[in-house]
Structure formats: structure tokens, C-alpha cells
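The structures considered in this document are given below.
One chain, chain A, links the two complexes that follow: it is found with chain B in the first and with chain C in the second.
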Partner chain A sequence: MTLTDVGSAASGGGAVESHSARRRPPRRRLAVTIIPWLFLLPALLLFLVFKYVPMAEGIRLSLFEVRPFLGDLWVGLDNYARVLGDERFHNALNNTLILAIGQTAGAMLIGFGLALLLEGTARSLWFVRSAVFLPVVAATAVVGEIWRLLYYPAEGGFLNSLLSWVGLGPSTFLDHPDTSLWSVMAVGIWKGAPYDMVILLAGLAGIDRQLYESAAIDGCTTWQRIRYITLPALRPAITILLTLASIRGLRVFTEVYVLTGGGPAGSTDVWMTRVFSLGFETSELGVASAGSVVLFLVTLLLTLGVQLLRRRREA
Partner chain B sequence: MQRRTARTRTALFAGAVAVGLVLSACSGGAQQGDPNAPIEVWTRSQDDTKKVYEKIFKAFTDKTGIPVNYNPPPFNDFDKRVQERAQSKDLPDLVITDTGSLGPYRKQGFLVEVDRNAFAGQGDLVERAWNNGKTADGKYFAVPFSTQAQVLLVRKDWREKLGKPVPKTWEELAALANDFTTKDPDGNGDAKDTFGIVAPGSTDRGYLAWWAANYIWQAGGDILSESGGEYKVAVNSPQTTQAVNWLKGLFCDTKVTLPNSLTMVTNDAHNYFEQGKAGIYLTGPYMFTRFDKAPGKDKYEVIPSPAGPSGSTVLGEGEVIYQMAGSAKTAEQKKLAEFLVSPEAQQLGMKPDAGQRPVVRLSVNKNVDVKAVYNDPRWDTVAKVYAENARPFPNVPNFQPFRQQTAETLNSLFAKCGSDVSAELTKLAGNLDKELKSQKAAQ
Partner chain C sequence: MTTTELRPVTPSTSDRPGTGRKPIGVARQCETALGWAGVRASPAGATGRILLCAAVFLFFCGPLITVVSGAFDFSPDPTKLSVLPNRPSLVNFDVATQKGIWGYLLNSLIIAGGGLLLQVSVSVFAAYALARKKFRGQAIVMLAILTTMMLPEEVIAIPLSMVIGDLPLLGISLKGTLLGVILPLGAWGFSIFVMTEFMREIPLELEEAARVDGAGELRIFAQIVVPLCRPALGVVAVFGFTMIWDQYLLPLIVATDPGDYTLTVALATLRSDDMVGPGVVLAGALLALVPSLIVYLSLQKSFLRGITSGAVKG
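Presenting the complex of A and B:
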């Protein structure tokens, strides 16, 4: 979606230029070339200062042992070797992938279900939609603290009380290596699903009602309508969600940090909690930067991959 | 044509304004190097202790006329913010925090060396406290500010209700913890809502190793052992293995620890003792003020940690004053540090208003009498434990990686109850040995 947008904007810009190139005095042609850039300048400068310079600095730091007051020591690719050879990073990568896939799929499924249920223009629906959307706007750290209370792993815990009503539990939730990752995932899905719902709702609103009507006349079942009309029409929305969710999934940090701090036994340690622990608890900023650069490259490749796949399919 | 040019000019002007705004945004802020700016101090504090520090700094300003800018970052964000400031080469002038930060700060060159002989009043400070500021090479890079020893807080009302004695040995401690877990000590009819031991077992900042080290020492084991100024990994010694096995029993067999211990940071842990979810807590004396409100002053007792096979050694560390590198106000830095260890400032730190916790626990100044200042037998216990049974973590160049890795291994052992303690500790020993070699302190 983004690429096509950028493409059309670029070709739009090009069209203006070729149009205005018709026998204009050179000064004016120059101005026409410069003006769009001037409008972009404030944003570009902000990006430069707050994004690109820190990114470049991060890449530079990843090649050094960082000691701000003693002078950094050049260590070449040693930091990368340490990251890629570290068993705990392998474990973290594994957990990150499980979490990213689980949260993306779960949030999308539930988001889709919610979107189908809450589509429409009635006032009551507007209210319910807002209520459902609340988890997205709540601060992640607060959400984490509250879920930690809900998940209290003995009988007095809120969720365990609910479980005991139906004769189950008590579950260990966050506090056993077998259940911790799934518990974190559930919080991620709870927080992510309403966001997916909103994007999918926008997609649903764009579907021509007549298609449903003709399908109904042809005697389609509900499932067939979803399968052959709704889902294909939602494809652009789903692609965008997949891209965003996989990026969000890979760099997941706050909820894990607040819920478990990566424990117990490293069972919920994800890439970013590892990087954080190295950077700010053990003060190994060089190694932490190397870890971040690796994550950045993976994210970049993944995003490009999704885009390429889409373009090829659309071509 | 004319209109076009005007518009171009406007656009150019707008662009220039934007550039100016961004650039000015970048250049603002840092005031380092300005001799008239106040001296900036950070402490790792929560809201109540911040107020105590404010009082101390006010006394300093009143006395010397040197203004202090005291606006420390949030407690949980402290380490991160220090790193951020270091990256912009604009550290606060003075930082008061755990002695545990000495290694990492020194390694990154954050600190200015302390010349003990030129430090006013240095002779009045307790010699053992000075060790908190000593690095592996025998130099001093911090000034002690407060010391303490860990003591055991036990729910007295629960213990008496169950008719148990004050625990003096590990066996009695384990038995008491077991009774707290199974015999409904709070008498609310639900035998499953209380537990024996509060154990902050998260790997965050290496908390679990901080807590477990006490028991490892009490069994005669160690993380690193010292002989003649050289260090050796001792985490797989028979004594350490014995201690870890005993601790594992508390988590896995009798299950007397809180069920969410292994993801619990100290800040959360306090709540569980406060709310009567568990009745035994090995922690620092700074918690008295808070626990006097809940569970209540008469509800718990303060005792020395019960003896293990090899004694009742506990962690005795404290907070130190770091004079940070890159400061333009070295003279003021030193003056403030000297004031902070004076009897006047130390007593201000020990006697906060109601509801606030003291920032100086045991004074580092010989001329301050714990008995007279606190007038509280519980503090006498702390002073006695500190004098007789407390020890710090070793002065290896940087102990933090050792603590962190030990915490991760212990956390894993206590979470996966089927695991092989001896094998895991041997693996940990290998990793710690590598770390020791990389810190060039191996024997």
C-alpha cells in the first residue's frame, strides 16, 4: 500500500515537472524543482535529527566497545559475533518469532471477528466500537501491571477465581516456563485485536453492498460470502496489517518487560528485552547496538519481502 | 511571474524558519561548563526519599550558598537515564546510588578518582564503609554515604499464633515457612492464600542473585571467592551447590515462596509482605517505615538471618556518592560530597518526616550514634548484624555481569524443577570464568 502511494506521488510530481517544463525560463524551472523539496524540508530535517542520525550512530556504536568518557574502542564485528553466537539471543529470537506469529494471527482473527460483528452505522455500535478500542489507547505499561495482577498465579488471583468457577486451575500463567509465553501472547492479542478491527472496519466499509445482495440472490451461504467477497476485498487492508503487525511483533518490548522481565527461566525473553538488559543493565552498549542493528536488518528484509510478494501478486 | 517569485520567496523563508527551529531545538538544553549553573545531583529514589534528599541539599545550600539542581529521574528508569546522559557527555555532577554501580561506571570512565587524603573528614568515616568505594585496583572512585545489612522480617503475630519459636537455623526457617504456607496463619479460614517466603526472584538487574547470595554465603559457598586479592569462580563448589539445592527445595518441593516469585522485582515484592500474603522477608532496614504502617509495627519482628551450615552471613552494602566525570564544578562536587558525609547531613538522612524512609541507614560517620539517632532496638539489630555478619559483593572490576548471569541460572533452576543443579552450576561456572578472564582478574 505504502509503496504504491509513494509511486503515484512520485509520478504525480514527475507529471508536474514535464508539464511545467514547456519553454519555461530556467530560473522558474529551478524554483519548481526546489519548492516541493522545501515543503518536505521541515519533515526531512526532523527525521534527520530524530531518526537517521541516531540510526547511523547506533550502527557506528555497534562496531565499538562504548566508553563515552574514555574513548570508544574499535572492536570490528566482535559485537555481532557475540550476539549471533549467544545462546540466550537464540532463545530470545525463538520466543520473539513465536510471539510475533501468535500475536499477529490471533489479533487478526479476533479483529476480523469483531469487525464483522460491529460493522454498521447504528449509534449503539459506535459506542461499542469505542469501548472495544480502549485497550489500544491505554498505556502498555499500565496494561501490563494490571494484567500482572489479573494473572496472579495462586487461588486468590482474579483469572484463577474465574477458572475455579468452572472447576479449572489454578493456572501458573506468567510464572511457569510452560505457560508464560502464551500468557504474554494473550495480553498482546487483547491489546492488538481492536486496532486490527478498526483497519478491517474501514476495509469492510469500502465493499460494495450490491455484491452481497447479488450473492444472496444466488443463494450463497454466509461462509461463501466471507470467503469469496469479504476476504478478497480486504486484501489490501490485510497486507498492511500483516506488515505492521510483524514489525510490531518483532520489536515487542514493553508488555514483556512489565509482565515478566523475560523470565521465568528466560521463557519470555524476547529480542528487545535481551538488548535492553545488555544496554542498560550490563552497560554493554556496543553489543546492545549490534543486537538492534540485526533486528533492524531483519525487519527491513521482512518488510521488503512482504512488499515484493504483494507487487508480484498484483502484477 | 511576479506572484510566483513571491511564493517562492515565502517558501524559502518557511524553509529557513524550519531549519532554524530544528537547529535551535538541538542546541538548547545542555548547560555544562557554565560555572554559575547550580550543581546537578541525581539519586536513585522514590517520592518519599526524594523529599529527604531535598532537605539535605537545602541545608547544604543554606550553609555554602552553592545552589543544587535536584531533579532525579524516575526510580525504575534510573540506569537508562544515566546511560542517556553519558552518551551526550553531559552527566550530572554528582550521583548517589548503589555501590553495585561502581564497576560499570568505572569501566565506562564515568567517575573521577577520590583522593582520600584530600577529602575533608575522611578519618571520621568507618573504614569498612570506605571499601564500598574501592575498586579492584585499590583506588577509590566513590565516597560511602550509607551502609546497611540485610535482616529477616518475620510476621510475629503469625508465628505466635502457630506457637513456633523465633527461627535460629535454616531448618527452623524452612519449617516456619512451611507452616505459614499450609496452616492458615492469618486465620481467615483459607489455608491457601498465604505463603512463607517473599523472594524477589526476577532476573531484572540480577535481583535473584542479590537475594540468594545471602544463603549461598551461609552455606559457606560463594559466587567468586577471593584469596590474596585474586578471584576464582566458586559457584560450582559443593557448598554453593548445597545452598542452591536447599533454595530449590523452597521453590519446588515445599513451595513456600510466593507463586509469582520468579518474575517479581523488589518493588513488587514489598507489596506482598505489606498485604500479608507472605510472612518472611529478607530485606534491607529501609523498609521499616513502610511496613510499620502495614502490616503494622507490632505485627512483625526484625531478626538476624537464621544460621546456615556455615554461619549467618548476609549482604552488607549501601549507597555511595559518585563524583561524575566531565563536570565543570569539581570544587563544588567535592564540597557537596564532604557535606553529605558530615554528621549533620547524615543525621538529616536518618531522621526523615513521618512516612518517609531514611536515605542514610547506618551512618558512615563514626561520630553518629545509631542508638541515639533512631532510638529503636530494631536498628540496633541491624547495626549488630552489619558489624558481625555482613559482607559486600567482591570488588572485581565489574561484578554486574556475574550477578546477572548467576540470577539467570538460578531463575532457570527454580523454574524448571526437574533440572540438574550441579550440571547447570558447572555450566554457569564456565561462563563466569570466561567473564573473569575478560575482566583480566582471573587467578
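Presenting the complex of A and C:
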């Protein structure tokens, strides 16, 4: 018996026609059809107004030169041509890719190390795990502000005093084009690694202990154990983490905006900070929308590609 | 335990039973991937691990500790942050108060409270339809929600700010209002899907029995399904809160003047204010951290369960 059948039997007040529920009298049928939609209404309405309408509007804007008070001017694909031909967008794309790849890989490596180190059931380990996870919970903008201060580029700055303890000179961190992108990347890794750790810990917990036991009896080294037992078992988790993180990396905005605002000299400009400054600072809404749509298409293609790959592997 | 014991384990140091080649020792080594043995089994390995744990703890919590100390530090040289306040004082909070920090915090709390309430109810409602009903167009609705999840918020920022300034059909502007931030956060695909997954697990018999007893649709929803969803409500609440508290772009584009900012956005205003030092920014950062920490620590189990199940399912 399906859910709708139960519904019709109950709301109809009698179970007379429940056997032939597929051919219900029109009125009861209406109630049964409408109820799910009533429950869905708030969600659909909010999605419509705050997701779909903006998305449609964004696509429309990307085809116009937006001129307040004068009326929009149809320019076809000119905005897209400008985005794809713009040197600053190329630079931003470059930085976005470096940042996405670096943060994803760094967070994964450190997260894996953390998971190996903090695996276990002892209460003290649980405490360290919870503490290490705190950066994930903290709001991105707050993390950005904190690190801005830690990165203070003078000799008295917090990180620079730490560096001077180990005999390294003061670094400019965010204030110089040579170091800024790496400094932003480090913050992303700091915030991302504990997240990867938790997922990898869940993967580690699922590994059959007997495999380790047989490995120990066979006299495997620790390295062999990790290479032939742990890593293969973690592969699904790692694949998912890598793809999700790289998709997320493409739209990085808040931490870059808070840490550097794209500077100095565009050295940390990413796709979204570029779009943001075009849209909200220079009011080139059409070009900015085109930039957004390009990012959306790339994200969509990546997501669908990953889904397809995963489905094929599962099938 | 001292650090001088950092040397390879020799039989002489492991005089306790259950170490060495005896079966219990092997079993213990098989508990974790790296074969970390307990403190009793090998003091050297354990010391190394403790030191590593301490380093890791400092690396990830150190910056947060400096926030606490810096916020309470009356610092003449504001570029120097330390683990403990040099001159403990509340002066940063005094200055922050003058800069209207409590107003920003109030904005944040109202948005978090209202947004969370809306988001949780919206997702419980939607999930009830998706999980407990079969209707025509269900697959399309699922797809539509999935699409919103693939649509990064940043991508629609510009048109969204226009929509918020001029709501379709109604023609009202939500700019400069807290509702302008709350409403767009009200529906979130992630929480709808988590709720739906969970509601599918509730046995159908419970619902059928209630119907036989004459319970109506709303009664079944409110008195049977929702109470049984309590664990999932925890997951949705903690993720929803974290997501809402993490918002930066949305409050920024909705605001018409700095008074509308949330605390996280206002930190940048504080920072660029020449009249305040970093101590004040840190005081603000501390206030912005505390709610996240409280929510995380009190709903930690839900949080970690949500993360791991989310990752397994994608």
C-alpha cells in the first residue's frame, strides 16, 4: 500500500474504496494531491524568490549593458567576451586555480596526518580532536580578521615574533605580492584541514581491525600498512573530499575579501572578488553578471561530471 | 613522563604484561592505522604522540587563544599579541561598546535566531512532503532543490541584491532590514535533504495506526513525525546556525548603512577605524566566536554525525 492510498483512506473517512484507490472520486483526490504541495509551499516560494528569480535575472543582466535611469542596452554576448578577454580576469582565474588546488591538497594532507595522529578512543584524544575542529566552526570572516592581525607584517607581529624565535626574518605575509597568495592559502588550509580530518577519521574507524592484525603477523612495516590497507580503504572518502573541496575552492570569496580584498596589486584577486568589485564598486553589473554566469556554468559542469563519474563507479 | 624517553622501545622498558610480542600488545597495536599503542605499552611512542598532539593543539587553537588574550589586553603596542594578556583590562570592550558592538551582535543574534527558526520549520515541512508522501512532480521538486545547492550563493549576489531591493510582485524593498537577510536564508537545500533522509526512516506503521485512530494530517505531522525527528533537528540546527553565522556577502549587500551590519561584517569596519586598535577588533572577534563555540560544543555529536554522513552520501 502506498502512502497516498493511506492518505485517501483516512481523509475520506471510510475505507470503502481504498481497494481501488487509484480511481478516487475527484474531491478526495484533490485533497490528497494538494497536501504535499501545501507542505512544500514555504520552501518553494523562498527558493523561487531568492534563488531562481535572481538566477534568471543574473542571466538576463549578463546580456545587457546595465545603465541605471537610462534603460538597459542589449549587447548580446559582449559582456562574456569582455570577461573572457580581460587580463585581470585571467589573473583572477590563475589565482583562483592556485588557491583551490593548494588549499584542497594542503588541507587533505594535513587532515590525513591529523586523522592518523588523533585516531583512537582515549578521552584525551577526543578532547584534542574537538579542539582542533574549532577553526571549522568559526565564521570565515572572523577567521580572516584574526589572521590579518596574526600576519601583522612588522617585526612585532605575532607570527613574525614566532619566526624570529627560530631565526627567520620578518615576513611581509599579506602585504607583498610575493607572499600574499601563500598567506591566504595557509589560512584556508588551517580552516579546512580539521574538516577533512573528521571525515577521514570516520573512514579510518570503518577499517576492519583484522586486516591490521594480519598485517602485524605478516610483519608489515607501518608504511606498508598505510599504503596497502589504510589508503585503499579511505579512497572513496578522499575522492569525495577532493572533488567537493575543489568545487568549493572555485568560488572562494569571504576569506580573500577579508584578508586582502584582492590586493596587493591584484596578487590575491580571485574570480569572485573580481566579480564583486565590478558589480558593487564600479557598478558594471552586466559584465559582473557575465562573470558570475561563467563561474556557475563551470561549477555546474564540474558537479555534474563528478556525479556522473560516481554513478558510473557505483553501477 | 619526561621527554628523555624518546628512544626506541627496548625489552627492558616494557616490563609490564601485555606488551612486546604477546597477543594483547598486538591487538592493541591494531586499534589504529599507525599502530599507536597505549601509554602503558610503549612510553617512548606515547611521549612522541603527546608532543605531536600538543603541537597540533597549539597550531589550531593558538590563534583562537590569542584572540581571547588580545581582547582582554590593554596593549600599548597593539601589534604584539601574546598567549596571555600583558596588561589585563576591559578597555577594549569599553571602546567596542562605544563603537556600537552590541548593536551588531544583536543584529547577528536576531538573524541567527530568526533565520534558524525559519530554516528548521521550512525544512521540516518540506521534508514531510518529500519523505512521507508520493505525489506527481516529486522528482522535479527534488531536482529543483538540488539545483539550488549547486548554485553558489556568491554567483547570484548581484541580482539577489536587486531582488531584495525590489521584491517581485510585492514591490517592497527589504534593503536595510533584518528580514532581508533572514528570508533568503530561510530555505536551504542541505537541511531539507538531511530532514528528508531522516524522515524516510520513520516506520510507516506509526502513521497508519494514528490514521486509524482518526488523527488528521496536521496531527500526524506535529505529534508523531516531528517529535521523532529530534536527532535530525539537532543536525539541521547546528549546521543551519553555522551556515547563517558564516554569512558575509548577504548581510553586506542587504545593509544600507553600517548600522545594519552583522557582527562578522562589522569587524572590517572596526578594523579600518583609525581610532581603535587591534584589541577592539579582537574583542569583537571574540564576541563573534563565542556563539559558534557554544553551539558546536553543545551539539557536537550531531555536528560530527552530520558531517560524516553528509560526506558518505555526498
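Simple rule for what comes next: the second predicted complex is superposed on the first by the 246 of 315 C-alpha atoms of A that agree within 3 Å, B and C clash if a C-alpha of one lies under 4 Å from a C-alpha of the other, contacts with A are read in each partner's own complex, and residues count from 1 in each chain.
Simple rule for what comes next: a contact is a pair of C-beta atoms (placed from the backbone, for glycine too) under 8 Å apart; a residue touches a chain by one contact, two chains touch by 3 or more.
Small disclaimer: the values here were computed from a predicted structure and weren't measured.
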{"item": "Touched partner set for A:295, first chain B, second chain C, both or neither", "value": "second"}
{"item": "First (chain B), second (chain C), both or neither touched by A:310", "value": "second"}
{"item": "Touched partner set for A:282, first chain B, second chain C, both or neither", "value": "first"}
{"item": "Touching partner for A:174 - first (chain B), second (chain C), both, neither", "value": "first"}
{"item": "Contact breadth on chain A, by residue count: chain C or chain B", "value": "C"}
{"item": "Doubly contacted chain A residues - partners chain C and chain B", "value": "35, 38-39, 41-42, 46, 49, 148, 152, 154, 156, 279-280, 285"}
{"item": "Chain B partner contacts - residues on chain A that touch it in the complex", "value": "28, 31, 34-35, 38-39, 41-42, 45-46, 49, 66-70, 88, 148, 152-156, 172, 174-177, 180, 259-267, 277, 279-283, 285"}
{"item": "Chain B residues within the chain A interface of the complex", "value": "1, 4-5, 7-8, 11-12, 14-15, 18-19, 21-22, 25-26, 79-80, 83, 86-87, 89, 104, 107-110, 190, 192-193, 195, 201-206, 258-263, 265, 268, 325-326, 400-401, 404, 408, 411-412, 414-416"}
{"item": "In the complex with chain A, residue positions of chain C that touch it", "value": "26-27, 29-36, 38, 49, 52-53, 56-57, 59-61, 63-64, 66-67, 70, 77, 79-82, 121-123, 125-126, 128-130, 132-136, 138, 141, 144-145, 148, 150-152, 154-163, 167-168, 183-184, 186-187, 192, 204, 207-208, 211-212, 214-217, 221, 242, 245-246, 248-249, 253, 264-265, 267-268, 271, 278, 281-282, 284-285, 288-289, 292-293, 295-297, 300, 303-304, 307-308, 311-312, 314"}
{"item": "Contact set on chain A toward chain C in their complex", "value": "2-4, 6-7, 9-11, 33, 35-44, 46-47, 49-55, 57-58, 61, 114, 116-122, 124-125, 128, 130-135, 137-142, 145-150, 152, 154, 156-158, 161, 190, 194-195, 198-199, 202, 204, 207, 209, 212-213, 216-217, 222, 225-226, 229-230, 237, 240-241, 244, 251, 253-254, 257-258, 272, 275-276, 279-280, 285, 288-289, 292-293, 295-296, 299-300, 303, 310"}
